[in-house]
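What follows is a set of structures to go through.
In the two assemblies presented below, chain A is common to both, partnered first by chain B and then by chain C.
This part shows the complex of A and B:
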């Protein structure tokens, strides 16, 4: 099965291991993720200004690029990995579907491109795994015994909010837990898995990130979490950086953070796509 | 303007047989002029009496000094071009840009790494790109300017260097950018980083440098220095020219 794929800037840069592991997992299950031939930054943050469409331009241009290439897959889906990219692209798509005049303004402004018709469906790789591979199929393919591995799923905000674009129930998401279970590992239930990591406050006010991360991970020590699994490069950065900032409060304790695709790749035995640090984290379970 | 008193009668008769030169109406900084059809914008301005000191350079489309903006009658668009490469049209509203003000940072290429960090250090404003693509639309060299900025943002220096190879640094993109990016200086840094750190070293250049160091051409050069103008002219006329 083929899908168009939007990587986003972080996955080509700081979060290369997210992309590498995801592409390997997709290939393992016979899914071909075709990277858009041309793409630009999604816009990073979905603008809530209702009287301006300027900050939608980047996302719409990417949706047009996808529209230009739909012939290659035979479906309208555009798969993302970074949850910020997912949220921006899906939110812009949702807004334009409900605001024809905004779509017309954008199409008139971008007169060097073909008109965006609003037919692309933005989706996340997790959804693809659930709907087109299936957790049963994933269970069958697991190569490693992970029963002792206690995994804390961390959703952050972007995949499950707002509800119009949420990939799962915004209050009680289960998709990561189901995935972790299908790998034979133990998903830890804890209260702050959809709390915000502090996001871009890391640039202007590190204290915010430190406080948020302390709050998010505080129950995880007592719950004996071995690793935290994430879906977002910024969440990953903030969790790791926040633990560093709070090392005094945490008495130097840390919980390793990996992308869900890295855990998947390890469970499937695709060790060659994992980097040294990640393999070190999983060493005990080899 | 024909200078009548220098022509013979026969020449005047011959001249008047030719079809009249078609003139077009243009407006330079709001003032109306009639200029012959087929002139470039640069020549039309000179025909109208302007003496261009800045905003003009090689007159061959390479140096990027003659960036220009114009509008056409009954058309809302603001067009951009190199004035030496574009002919005038009837109803053109013209002005010549003398210069594009832009920060030109100094850096030591030896101390930079070929990645996003180098760019952000000197041009942090590239992150303000909102993908409006105006830069691409106005580029007289038809470079995918916005795509190059986007490649830089994901750390892909090589793609950015290739995309911007044809840049003549006219600066029009930077005049139109709502994020106030100075694209042509960014791209110059990108290509320098590419040349220094990413591009494969040229085998031919290495060989030639070795030949120079071994003084392979010294004798020939010494001979030239003392040959004198007559000999130089002869050699120049007989030189090899690539087809």
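This part shows the complex of A and C:
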């Protein structure tokens, strides 16, 4: 099965290990993720102004690039990994599907590209795993005994809100828990798995992120979490950075943070795509 | 009773965001669930209330800049007011005047941050 794939900036830099592990996992299950030949920054945050389409331009360009390549996969899906990219591309797509005049304005503005027809479907790799591989198939392929591994799923915001683009229930998502269970590990139930990490506040007001992270991870020590599993490069940065900022309050304690694809790659025995730090985290389950 | 958008500020907010703040009946669910409410100088429902009564001092509050558009209030509002969009409209009323809340040259240890954080901040705090 083939899908078009939009990486986004983080996946090529800060979150390279997210991409490396995801591509390896996809390949393992016979899924080919074809990176768009040309792509640009999606904009990271979706503009909430309904009187302007200016901030949609970057995302629409990416959707057009996908449209140009749909012939290569035989389906209209564009797969993302970064949850901020997912939310921006999906939100812009949703808006244009419901606002023909916005679509017309954008198409008229962009004279070098072909018109966007609104036919691309933006999706997330987690959804692909659930719908095209299936958790049962994943369970069959697990190579490691992970029954003792206690995993805290952290959704953050962008995959589960707003409703129009959510990949799961905004209040009670289950997709990460189902994935963790299919790997034979134990998903920890805690109240803050969909609460905001503080996002870009980290740049102007670190204290917000520090307070947020302390709150989010507060139940996880007593719950004996071994790792936190994430879907978003910014959540990952903030969780790690927040724990560093709060090291005094935490008495130096930390919970390792890994992308869900790294956990998956480890469970499947794809150690060669994991970096040293990640392998060190998983060491005792080898 | 016909709900009229009576304050000038509420009209501006409606034009930018498509949100009618008079649909809000001040139940406070947004403030109860807001994850960054502790950092705010106004509760999210108070932000709406000031817009309802047309008090432009709301444009100078800290709360609208702390809101990171996590959409928790938006998915929970029993009156379907998308407060994340209202907050954005209030930010834009300042940003569209060319008044920015972030100077990239003044970020300390800028190299510590991944571009996802820097670009997101630039998009939310500048025009």
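Simple rule for what comes next: the second predicted complex is superposed on the first by the 286 of 286 C-alpha atoms of A that agree within 3 Å, B and C clash if a C-alpha of one lies under 4 Å from a C-alpha of the other, contacts with A are read in each partner's own complex, and residues count from 1 in each chain.
The working rule: a contact is a pair of C-beta atoms (placed from the backbone, for glycine too) under 8 Å apart; a residue touches a chain by one contact, two chains touch by 3 or more.
Computed from a predicted model, the values in this text were never measured in an experiment.
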| item | value |
| --- | --- |
| Contacts of A:201 with chain B and chain C, given as first, second, both or neither | second |
| Which of chain B and chain C A:110 touches, first, second, both or neither | first |
| Residue contacts with chain A in the superposition, chain B compared against chain C | C |
| Touching partner for A:55 - first (chain B), second (chain C), both, neither | both |
| Touched partner set for A:40, first chain B, second chain C, both or neither | first |
| First (chain B), second (chain C), both or neither touched by A:9 | both |
| Residues on chain A lying within both footprints (that of chain B and that of chain C) | 9, 13, 41, 43, 55 |
| Partner chain A, residues of chain C touching it in the complex | 15-18, 35-36, 38-39, 66, 68-72, 74-75, 82, 84-85, 87-89, 92, 101-102, 107, 112-121, 123-125 |
| Chain C-touching residues of chain A, taken from the complex the two chains share | 9-10, 13-15, 41, 43-45, 47-51, 55, 82, 84, 157, 161-163, 170-171, 194-196, 198-205, 207-208, 211-212, 215, 233-234, 237-238, 241 |
| Contact set on chain B toward chain A in their complex | 116, 129-133, 136-137, 144, 146-147, 150, 153-156 |
| Complex contacts: residues of chain A adjacent to chain B | 9, 12-13, 38-41, 43, 54-55, 57-58, 61, 109-110, 112 |
